[in-house]
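Structures given as structure tokens follow.
Next come two complexes built around chain A: one with chain B, the other with chain C.
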Partner chain A sequence: MKLLTHNMLTSHVKGVTKGYPLLIKATEVKLNEVEFNPQFVSRMIPKLEWAALVQAAEELGHRQDLPGELVTDYEKNEDFLKKVHTVLLEVEVIEGCLQCPESGREFPISRGIPNMLLNEDEV
Partner chain B sequence: MARSVCAKSVFELWGHGRTHSDLRSSLMNYPREEMSLFMSRDSTYKIDVYTFNKTLLFSDRIKRIDAMDYLPFEGAVSLKNPQHIFTLIEDYGTDPNNIPEDPNYIYFGRWIADGQRELIRSHSVKNRHFIGNTSMDAGLSFIMANHAKVQENDLVFDPFVGTGSLLVACSHFGAYVCGTDIEYNTIHGKGRSSRKNQKWRGPDENIRANLRQYGTEKTYVDVMVSDASKPVWRTGALFDAIVTDPPYGIRESTRRTGSHKDITKPPDAVYTDSHVPVSQAYHLSDIFTDLLNFSAHRLVTGGRLVYWLPVYRPEYCEEMVPSHPCLRLLSNCEQMLSSHTARRLITMEKIKDPEELDSLSHLADPRFSPYQGHNAFREKYFSGLNKRSCKEDAKSDVGGK
Partner chain C sequence: MQHQRSYDAVRLHAAAWTTVMEEAASQLERDHVHSVYDKIAPYFNDNRYKAWPKVRQFLLELPPGSIVADIGCGNGKYLHINKEVFKLGCDVCRPLVDFAWSQGHEVQMCDGLNLPYRDGCFDAVLSIAVIHHLSTKERRIRAIKEMARTLRVGGHIMIYVWAMEQKRRKFEKQDIFVPWNPNPHLPSSSHKEHAKLRRRATAQSVTEAIDNPEKHRKVRSTSSVADEEDLTHTVPQQKTQRLWFFSRSLDSVFDFGSLAISWPSSRDLSTLSSPTGEKDENKANQRGRGRGLIKQVSNFFSPQSVIGSEEDVFDARGNVTNNNNGAENQGVSVSLAQECGSVPLPDLISLQREHLNEPEDENTKRPQGEEQQESTQGSSQGSEGQVEGSCLRYYHVFREGELAELIENHVEELHVKHTYFDHANWCVVAEKVQLWRI
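== the complex of A and B ==
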């Protein structure tokens, strides 16, 4: 699971109102090399919840000196975009789980793939 | 032409006619100045001859090329790398069992560009690493990506991703792709193979491997096991396009997590890892209500939803196509599956963000949806087959022990 995806996921456990962001408890994290595409990164940045991204990167020990607040005029800042690129697309949680911050319910991640299915009584 | 898999080639038409002499008259009427732009002394060219529905002998091909010498060609012929290509096209009709002696019609023009029909062969599901029983074929996948106007650097989502055929096509056009599916085995690339000579899926059979096969792995974002009726995405316009082929209830079951029975939790209230959530029927009309509602909330304004809608032809009417106040219907194209069933490729564009009222709209209520009858699509699909198989069973009972 990449942090771009994690940034857009929320807990959908019944009754939960503060299900975002999901906490990451990773037992295996990989750093892949993915071709850097500054246009894609620039396009994604406005869609992101910046604080949640930094928090997640921090949780995985891959913060890459991302600032706590989004810098202005980032489109031309290649160094900054490269860091965001690494955090969004190159850091991958292979094993672990995502945890609902309100209910504590855990969603397992195996082979890089989160399983978000709820059980029949949680629906 | 950089996108179309429907158009084979584009030509600048210079002349046409029923016979070669009509063609010649027509060409004489084409402005010389327009022709000589491409026929100058220092340019190179070649002439192609295409005959639709007929095979010409090589010598006949040469005769036709030579017969064009009434045109003011001044450049040099280069078969390997010409600057300009001129094409003579002869149409011999569409019946391979009844090929006329002379062409029905003849065209001549300057070749401009080819379309992307090669993708149908290069991305054929036959050669793909990872396929399933209902993987969308390459041609239709690319057509869907075009209907969705998928652009480079878009973020595209498929909530019924299966083996990722639609993501393969979208990633080819430079979009970053993600998908979900309720089926654990398909997402993980496990279980029985869909190939005739193979029993189980191998280790390199998954959606990511498919993108890797075509060199677009860098656009792989994620796939997840998830129930499309219970979306896991936070609020906001996240996706540039949603391209999907929901299950019809025939070859893949339609289901969602949840149970009609009284739920009794295990004594320690903890499910083991191997617990597979119980699923209940996901009525076909609900799939589309949920899909349209999800799209209205999660697409960027101007973003598109493209999906297949299965229909029972004898009862189909346009009012059955699901609607939503925030989505405008752009196109509705039928592909027949049998005399009484078809699927329709629906394209919608998000025109505005949903307001409170929209989510209360009675249109979302399945009882009012004219599509509601399609919950019985599965029964109607099999109704003809059932009658036949009953007869066959009766026969075999008589013949067997």
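== the complex of A and C ==
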């Protein structure tokens, strides 16, 4: 699971109102090499919940000194974009779980795949 | 006072019945969608499952930097298209999702009725050949609404569903069970290859499928899966063994008069919707009774229950199959349609013999003799060549206009932009719109 994906994921257990962002408890993390496309990253940034991304990167120990708040004028800042690129696309959680911040419910991640299926009583 | 009591009773029954229906729908989908795909997943992992061109085009036309979700992505065959956009996929079928991940895609396990994505986070959503597996209209609407929720305003969703109206024939009913056949007739006339395919197909395991993608590239097309994608192309070329079981729609359960099921008493129904403050032992009893009802309703829709009915099956070219087998008296109408050729299904052999010589005509390229030989080979191969009765996939095939109507009438946050017929599918592209509430 990449952090770009994580940025979209939320807990959807019945009754939960603050299910985002999911806390990451990782037991295995990989760092891949992914081709850097600055334009791609630049266009992706406005679609992100920035604070959630920084928090997730922090949890994995890969914060890359990303600022807590999004800087303006990042489109031409290649250093910054490269850092965001790494955090979004190169860091990968292989094993662990995602925890709902409100209910504490844990969604397992195994073989890189988060299992977000709910049980009967959570629907 | 009397009025109020009967009004309450009706509401209570309606609520309880909704629970039963929901459970029955879930059960049906578990048995005839989820577990089937779990079993047949290895056969999907083949290189030649190409994307539908119009879906590919939809993806390629997305602005760079878009985020796209393929809801019900299966083995992920759409997830590699367009490097300029970020794609993720999800599905309920673990083996298929595992395969997609092995191809380098971002995928999750989840259910289309409860998507784990935040509101408005996607620029585009795909739903290709997915919602026709949902067994009630209400669930199909919920699935569309869930996808609409995750779509941003201005974003587009593309939905493909199997059409009732195929090019050469029309399904007589909308709710059907389609058997999975891993060993269909192949375009090539080589028996040797055919036999090899069977051996390989039955020997495959899921891990093999994931670890050996190369092997799968050599496996030839299975027409059943090709059916899913391209019914009309395979039919003229080959005499495919295809059987459809028709069933009543779960939605039609509300048509009380036509059913021979023993209706639950008011007391039974009221126990299903009791308030939550009950003691544990009462709850257990309720659950037990609830489950009993659910089982009764589910069995009602099981394709194993009855073979044959009085109903006509296809209305194509006067090749109408009339089965009147003195079926069991559960009151279920399940009809069997056999196109041509014969695949021995253990409990349907007598019916098949009747229709062995059904004329499939001008478009068939191979001589009659060869057909017969292949059929015999099929039946003599024992379990290898047989369609498994347990691998019946449930489909609700859509009438023309049904999908667009569903969206227009029930999903106000989506605005239908295009509808069209693509091979064997009805297709809709819709845009997420901002709803203003006063």
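One rule holds in what follows: the second predicted complex is superposed on the first by the 123 of 123 C-alpha atoms of A that agree within 3 Å, B and C clash if a C-alpha of one lies under 4 Å from a C-alpha of the other, contacts with A are read in each partner's own complex, and residues count from 1 in each chain.
Just so we're on the same page, contacts are C-beta pairs under 8 Å (C-beta built on N, C-alpha and C of every residue); 3 or more make two chains touch, one makes a residue touch a chain.
The structure displayed is predicted, hence computed values, not measured ones.
Colleague: Is this a clash or a fit when chain B and chain C both end up on chain A?
Modeller: In the arrangement built by aligning on chain A, the partners chain C and chain B clash.
Colleague: Mind working out whether A:20 is in touch with chain B, chain C, both or neither, as first, second, both or neither?
Modeller: Touch partners of A:20: chain B and chain C.
Colleague: Using the touch definition from the top, say if A:1 reaches chain B (first), chain C (second), both or neither.
Modeller: In the superposition, A:1 touches chain B and chain C alike.
Colleague: After superposition on the shared chain, which partner residues are touched by A:121: those of chain B (first), chain C (second), both, or neither?
Modeller: Only chain B; A:121 stays clear of chain C.
Colleague: Which partner does A:70 contact after superposing on A: first (chain B), second (chain C), both, neither?
Modeller: neither
Colleague: After superposing on chain A, which stretch of chain C overlaps chain B: 186-194, 258-266, 384-392 or 420-428?
Modeller: The stretch that clashes with chain B is 420-428.
Colleague: If you lay the two complexes on top of each other, which residues of chain A touch chain B in one and chain C in the other?
Modeller: Residues common to the chain A contacts of chain C and of chain B are 1-2, 4-5, 8-10, 12, 20, 37, 39-40, 43-44, 47, 49, 111-118, 123, listed in rising order.
Colleague: Sort out for me which residues of chain A touch chain C in the complex.
Modeller: Residues 1-2, 4-5, 7-12, 20, 37, 39-40, 42-44, 47, 49, 107, 111-118, 123 of chain A touch chain C in their complex.
Colleague: Quick check on the complex: what are the chain A residues that touch chain B?
Modeller: Where chain A meets chain B, its residues are 1-2, 4-5, 8-10, 12, 20, 34-35, 37, 39-40, 43-44, 47, 49, 89, 108, 110-121, 123.
Colleague: Show me the residue ranges of chain C that touch chain A in the complex, using the header's touch definition.
Modeller: Against chain A, the touching part of chain C is residues 63-65, 67, 84, 86, 88, 90, 92, 97-98, 101, 106-111, 113-118, 121-123.
Colleague: Residues of chain B touching chain A in their complex?
Modeller: Interface residues on the chain B side: 152-153, 155, 176, 178, 180, 182, 184, 187-188, 218, 221-227, 230-234, 236-238, 257-259, 263, 265, 271, 273, 275, 277-278.
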